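Below are two complexes that have chain A in common, paired first with chain B and then with chain C.
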Partner chain A sequence: MKILTLNFLTCARKTCKSSPAAFPLHPRDAELEIVETEFNALFIQNILPRVEWDALKGLCTELGLTNVPPEAPEPKELFDTSIKSAGIDEKEKEPTQLTRDLHNLLLETTIQSGKLVCGNCGHEYAIKEGIANFLLPSHMV
Partner chain B sequence: MSRPEDTLPPDLYYNDPVSRQYTTSSRIQKIQAQMTHRALQILNLPPSQSSHILDVGSGSGLSGAILTQRGHTWVGMDISASMLAIALQRGTGALPRKRRKLAQDMEMDVEDGIDDKQSNDEDAGDEEVEDEGEEDEIGDDAPCEGDLLLADIGQALPFRPGTFDAAISISAVQWLCQAESSDENDAPTRRLKRFFEALYVCLKRGGKAVMQFYPRNQKERDMVGTAARRAGFGAGFLVDAEGTKAEKVYLVCSVGGEDVTATIEAMEDV
Partner chain C sequence: MAGASHQVSQPLPTPSTSHISFDNVYEPAEDSYLFLDALSSSTEKDFLRSRFSVSSHRESTSTAASNSPTVLEVGIGSGVVLAFLTAHSGEILGRTDILSFGTDINTFACHGAIKTVDVASRAFPTTSGCLGDVVNADLSSTFRDGCIDILIFNPPYVPTEAAPDLSEHDVYNEYIKKPAMESFERDSHLLSLSYAGGLDGMEVTTRLVDDLPRILHPTRGVAYILLCAQNKPLQVKDQIKLQHGFNAETIRSSGQQAGWEKLQILRVWKD
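Then we have the complex of A and B:
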């Protein structure tokens, strides 16, 4: 499970839907792995405004990851504009090191095993082989 | 011929032998790839955008491989642990992924391909032509890049509002039309309601979902369309090869109640 996905997951229980404590889920006993994926600066650009930065910082602190910028980066920080010339194509913009670091943190840093715990109801979702189990017993649906 | 969803719920139907057969059948792979390409064509995402996509009923990752090829990042949900296990085995053969434990910083041993111990005590039925050993058409050496959740889409989609740019689903939504138990809370109408309401929330404003599925009759198709509209979607059906054996039904949904008629008309016979 990617850190990015964790930044979007909430508790699945109906009773937790409206509770602010049901997001983000809290990782416990997490084993982390770096799984390399192709770098895609345009995806980082697209998803960055939707990342809940405070939740991300909290999650990373809980996971012992310290390489998170204190503030959400501005979109303009993702590409190097110093070489900007007239008519430069979107695709030719040079991504910055910050963008590569975000890729590494959000898309390549993964939880291989452990569990996710709801801060509202305490329900635990197991993660095995990187796959989180969100199946609920029927009385919790 | 009995339809799989009439015999067993999907988590039981797609057990290990059936999942493997489903994934290795080149005929099924080809049809599924075609439907995924068609769904993406209907979604009509901005060409320069690299999107965050939900794959509903992602199975063994056949559609996901195409999403990855197109430069998208995706999250897949499936109720079948066997199917998800096969998705994980993608890419462990020809192109092992570089991975390492974060703390120890050491190379992991990656398992070598899918084990060939094919159980033959189970017959998936249907009239599939088995092409064992043939090369798979959809880059089967490509690793599964999507994040996978073991989940029942009729229970909940556990994502916060606006998580995804779009959603696709290939051959999954008909499973929602089955009662998972005699419990009233598991009735198809309840399952469809929960699914479409949650889908509506987790798509961003202006987002779209295209879902190919196999309704067994007009009534079931209407039930699904109605559930989508009640959840707030602008929704309509696009039908390819209508009335033939190869008929394919796509439910096209847009967030914000936008009329999808124009989208569907533009895509017909394309």
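Then we have the complex of A and C:
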């Protein structure tokens, strides 16, 4: 499970939906693994405005990942503008190291096993072989 | 396949699912292919491209329009539909910055589908969007409010006496890479989840429809849902319009023969 995915998920229980404490879920006993994926700089640029930065930072702190910028990066930090870019096509802009680091953090850093805990109800969801299980026992639905 | 003649250009390649054992995961069938047909039709490409165009006037600022669209396929099964949309997103949506997710109640489907999308995505690096994850979940229940732009659902639509009994689901859903022995009970339970829809074949679809106002992005959100004739599609469309205030139109059907399992795909959205 990718770090980015956790920015879109919350506790599956209906009763937790309105609670701010149900997002983000808290990792526990997480085993991390880097899984390489295709680098798409435009994706990083356009997904950033949708990322809840504080939730991402909190999650990374809990996972012991320290390379997260304190604030969401500005679009101008993502591409190298030192080269004279007049006339250069949008697609040929050179991504910065920051963009590559964000790609590595958001899409390539994965939780292979562990648990995700709801900060509101305390329910634990298991992650096994990279797949998280959000199915609830029938009495909790 | 019906609809193939509508394609002017070369049809987009269908993702491979050859790594999946179809003993306990739904094998791509006519309904799956109707989705591929619908999503790559010129009408839906035009609709999606204008809805998710970077220069769209739907959003008050150009920044919001350039944000990556998110896609969620609920009940992903083999993953063939999400893999198709993700790998060909440059062709279909006209942009390659989409983020796609899938869910399934069947963990074997989740493991298979994530590979289907990943393989297809790597095979088409110049047109592919990004795969987020496939999670083992009930419908869209675990996604945050308003965070999905495009939702796809090929539901269990066959009318059955009751929706499958889930009391033993935990046991059957335990993921084993290579089962030491065949489990007929497990496999038939897991397969039943992919087709058995209970009363009118609508018990599961109704639950998903009821979650649409919560899960879909309030302005950009659009859902594609497949129905069969026995689901009473006219009633379903009226219900979606009246109860939830969405538009609901049939955009593709398996038309030609008037068989009992005639299929259609609804597009559900707000103007």
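Structure notes:
The rule is simple: the second predicted complex is superposed on the first by the 140 of 141 C-alpha atoms of A that agree within 3 Å, B and C clash if a C-alpha of one lies under 4 Å from a C-alpha of the other, contacts with A are read in each partner's own complex, and residues count from 1 in each chain.
By our rule, a residue touches a chain if its C-beta (ideal position, glycine included) is under 8 Å from a C-beta of that chain, and two chains touch if they have at least 3 such contacts.
Keep in mind that this is a model prediction, so the values were computed, not measured.
Contacts of A:L9 after superposition: both chain B and chain C are touched. In the superposition on chain A, contact is made by A:F43 with both chain B and chain C.
Chain A residues in contact with chain B (one complex) as well as with chain C (other complex) are 1-2, 4-5, 8-12, 14, 23, 37-38, 40, 42-43, 45-47, 50, 107, 129-136, 138, 141.
Contact residues of chain A toward chain C in the complex are 1-2, 4-5, 8-12, 14, 17, 23, 37-38, 40, 42-43, 45-47, 49-50, 107, 128-138, 141. The touching residues of chain A, when paired with chain B in their complex, are 1-2, 4-5, 8-14, 23, 31-38, 40, 42-43, 45-47, 50, 52, 90-91, 107, 109, 129-136, 138, 141.
Chain B makes touch with chain A in their complex at residues 48-52, 71-73, 75, 77, 79, 84, 88, 97-103, 108, 145, 147-152, 155-160, 162-163, 165, 181, 183, 185-186, 194, 204.
Remark: chain C residues 63-64, 66-68, 70, 96-97, 99, 101, 105, 107, 110-111, 114, 121-122, 125, 128-138, 141-145, 147, 166-167, 169-170, 173, 175, 214 touch chain A in the complex.
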